[in-house]
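Each in structure tokens, the structures are laid out below.
Two complexes follow with chain A in common, the first pairing it with chain B and the second with chain C.
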Partner chain A sequence: MRITQGTFSFLPDLSDAEIRAQIDYALAQGWAIGVEFTDDPHPRNCYWEMWGNPLFDLRSATGAMTEVLACRTARPQAYIRVNAFDATRGFETTRLSFIVNRPHHEPGFLLKRHEVGGRQIQYTLESYAAQLPEGRRYE
Partner chain B sequence: MSAAAANRSDGAAADGVDLSALSADSHVNDVLDELDRELIGLKPVKARIRDIAALLLVERARKQLGLNGGAPSLHMSFTGNPGTGKTTVALRMAQILHRLGYVRKGHLIAVTRDDLVGQYIGHTAPKTKEILKKAAGGVLFIDEAYYLYRPENERDYGQEAIEILLQVMENQRDDLVVILAGYGERMQTFFRSNPGLSSRIAHHLDFPDYLAPELEQIAQRMLLAMQYRLSDSGAAALRDYIPLRMQQPHFANARSIRNALDRARLRQANRLFAQRGRRLTRDELMTIEGEDLRASRVFA
Partner chain C sequence: MLTQAERYKSGVMPYAQMGYWDADYVPKETDVIAVFRISPQDGVDPIEAAAAVAGESSTATWTVVWTDRLTACEAYRAKAYRVDPVPGSPGQYFSYIAYDIDLFEEGSIANLTASIIGNVFGFKPLKALRLEDMRMPVAYLKTFQGPPTGIVVERERLDKFGRPLLGATTKPKLGLSSKNYGRVVYEALKGGLDFVKDDENINSQPFMHWRDRFLYCMEAVNKAAAATGEVKGHYLNVTAATMEDMYERADFAKQLGSCIVMIDLVIGYTAIQSMAKWARRNDMILHLHRAGHGTYTRQKTHGVSFRVIAKWMRMAGVDHIHAGTVVGKLEGDPNVIKGIYSICRDSFTRQNLEQGVFFDQDWAGLRKMMPVASGGIHAGQMHQLISYLGEDVVLQFGGGTIGHPHGIQAGATANRVALEAIIKARNEGRDIWQEGPQILEDAARWCSPLRAALQTWKDVTFNYQSTDTADFVPTATTA
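This part shows the complex of A and B:
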């Protein structure tokens, strides 16, 4: 199951030229770029790991693209996303975030229904990939 | 339709390309004319910049017809004495390269050794790479590049920065131009001890010293920009001042002239302040008199 998180995730995967264009847009807005990766696809997982330092003061997407490509080479089977951070007072948050790499096979999620008091059901979403230990998922 | 045919968009027919249309398209002539107008002297430098612009235009035309020679290497070295306009020309160069589509953004990042070389083991590479990322899409201007190489200390981290630069100059041919700048003789020694660097630099531009009349024009230009002007006696004093200043030690061409003018402004302010109590006209506030320049120590 293809996970859909962040901007553009319902579109087909972005090509490198499209990623570059989006980064250029973010830089034109004055946002800083960060590259992050993870192998835990759960939508509530907000602890992605950073690839290198955040990239401040870039003028062209070339520098960020080299980081994206380097991350992709090092972790071809991880989810990689590009974040654009807006430091403007009042925002001080990520303004744009999109996935630029995903594993070849995404096994999807198991939906667990847990019956509690009465007919009430609690739902739990569990990724099949995350059943393996970290680092061995998506091999 | 082949890929080459698809690339053909602006002004190119199947059988040829109109170079003048292409150059009008990129507005490169505006920048070149501006360069001619605003920078005094520097004939060999301007000629070389025109050559480079022509090369890039032709390369563009060739690309439109599907001829691909690979992007030419445009890394440069600017050598010349202090104050001969290396940084100013580098700024213009970034604009020209941008107009001609050689770099994507056309900004200039000016750095020195401190920005590239780290202070402990493992600090240099990330530092240099960060600067390179910032410069990507524009021009990286390394001022006084010879400080990167310190032969007297073989464990100096400068060498590491040079090696990273070399790699990038080799790979990123199409999106970054590195300009190494510095004073003539020391740059020669630097290139001799780093032959790899020298051979990757296609264009060695030498900035000649300015002649006295050129310096005079530069001074007039600077005053105009600062909204001052010289009285007749002021112009005469400047004409006497320049040859004398040129003989002084530590003469730094245009930079010395700028400093001289700044000092003249100081004296003019002092002179006007001494006459306080009466209304000053706009003209008086703008004019630098001969006495403001003649008070300089070079006349002593």
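This part shows the complex of A and C:
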């Protein structure tokens, strides 16, 4: 399966030039760039590991691209995403978030159905990959 | 100037003389201001008509009463202070009326509207009356909860950023069994939509009991989340005959793990505020379908403009509100729609007469509502939709998903690919208004569902004259 989190997951994987163009757009809006990675892509895992602090005060995308490439070299089998943070009053949140690296094989999720009273079912999603210990997922 | 004795002599007196017209009045920062379009009966002076509206929507009755003198009546009288002829519409006037904040109960849309759109709309000396816009003082806004979730928190909960959200309403809107209904939900969500939606009139009919629908829909939502790794949702419509029924349905939706429930505008302002408080207490996104509004928002001379309804709903506290598509099958002049979207999404809305927005409006930190564009839109219009509506919007393609020749999943995928392709191109600096069709054609080369969608609906447009437009004549300014 292909996890479709992020702004552009229904498009073919972005090339480095395309990633750079999106970072350029974010910088032009005055947003800060953050690179994050994880091996636990559960849709409610909102805290991916930060590849350093968000990059404030960047003037060109070069610095951010360096971090994307460094993260990718260090974690070739991780999900890596680029986030853009907007500090403007009334937003103060992520404005763009897209995946720039993913493991070669994405085993997907187990949907566990726990049958409770009546016809009700409590649902739990479990990532098949995350059933392995940290660091050994996606080997 | 009348003496007190003359003013309170028993009998009938023009409203303007009774104190409901004051050309020199300067509205206070804490005043509620309303602008009405009034169409006086033939022979009725527009200023007297405006004063009558002020009177009938505040303290007046048809005759002088001495009991006024037991109160600080001057303060409680609404004051008409400005009357302008409507450009290009003889016999119609924009009249501005200021209301003291103490005329209204804190945090109650019911109380506000009982005055502002109460008796006065049936007043005989007027042929017609329309509430065009209102300015809410910050002091009054601070007495309202506002949207339980708001755009920012909704996006954080859903983990979806940088693009409009995508939805669809299950079709046919009536008649499907619960199990078949859930099938549509699953297919659409798995194919790429973020949300599917009950229609406004899906409650608990003989063909589908509400509990059954909720159970099957949540199976569909969770199955689609597992298939995609994304947060998915279905707006479960909890509209019902009584508050007790609605609470029961909403509680069940929560118990099943739904992230969103839905209500219809026809349940009324008080019920909406109750559900807003319930949603805040229960971490639920609250979707409002504006069923019924067209009966009083569409005609320009009589009723309440939708921009006012949108303001009231932001105060009452809903997270989603259907607000027009511009290009779809339902009423929507581009300028008027822009004005309504500003009211939903701004922190501070600037006066913009061209868009029908009469006042600056400081939203005083009330969370933002996500506008929903729904009704007769399809993937081939994606560049127009994003150009008109921006990215903080839910685009709902019901027929445009479910009617896809290759099936519901393909329909959803076509919409999602079109959306992401246009957003990506926009961010890359391309002119999506001009190049949109080409961008979509390029994506359709590798995405066969999009290719089929463009083929099927390429020529579908709804180009009719809009009914509700802003009456505004741009005047040349010396810049």
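The rule is simple: the second predicted complex is superposed on the first by the 139 of 139 C-alpha atoms of A that agree within 3 Å, B and C clash if a C-alpha of one lies under 4 Å from a C-alpha of the other, contacts with A are read in each partner's own complex, and residues count from 1 in each chain.
Here is the rule we go by: contacts are C-beta pairs under 8 Å (C-beta built on N, C-alpha and C of every residue); 3 or more make two chains touch, one makes a residue touch a chain.
A quick note: this is a predicted structure, and the numbers were derived from the prediction, not measured.
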| item | value |
| --- | --- |
| Superposition on chain A - do chain B and chain C clash or fit | fit |
| Chain B versus chain C as contact partner of A:96, first or second or both or neither | second |
| First, second, both or neither for A:111, with chain B first and chain C second | second |
| Chain B versus chain C as contact partner of A:66, first or second or both or neither | first |
| Per-residue contact with chain A, leading partner among chain C and chain B | C |
| Touching partner for A:123 - first (chain B), second (chain C), both, neither | second |
| Contacts of A:15 with chain B and chain C, given as first, second, both or neither | neither |
| Contacts of A:58 with chain B and chain C, given as first, second, both or neither | first |
| Lowest C-alpha to C-alpha distance for chain C against chain B (Å) | 15 |
| Common interface positions of chain A, toward chain B and toward chain C | none |
| Touch list for chain B against partner chain A, complex | 103-105, 107, 109, 126, 130, 132-138, 172, 175-176 |
| For the chain A and chain C complex, residues of the former touching the latter | 1, 3-5, 7-12, 18, 21-22, 25, 41-44, 46, 83-84, 89-98, 108-111, 119-123, 125 |
| List of chain C residues in touch with chain A within their complex | 152, 155-156, 159, 161-163, 192, 215, 218-219, 222-223, 225-231, 255-257, 347, 368, 413, 416-417, 420-421, 423-424, 427-429, 443, 446 |
| Touch list for chain A against partner chain B, complex | 53, 55, 57-64, 66-67 |
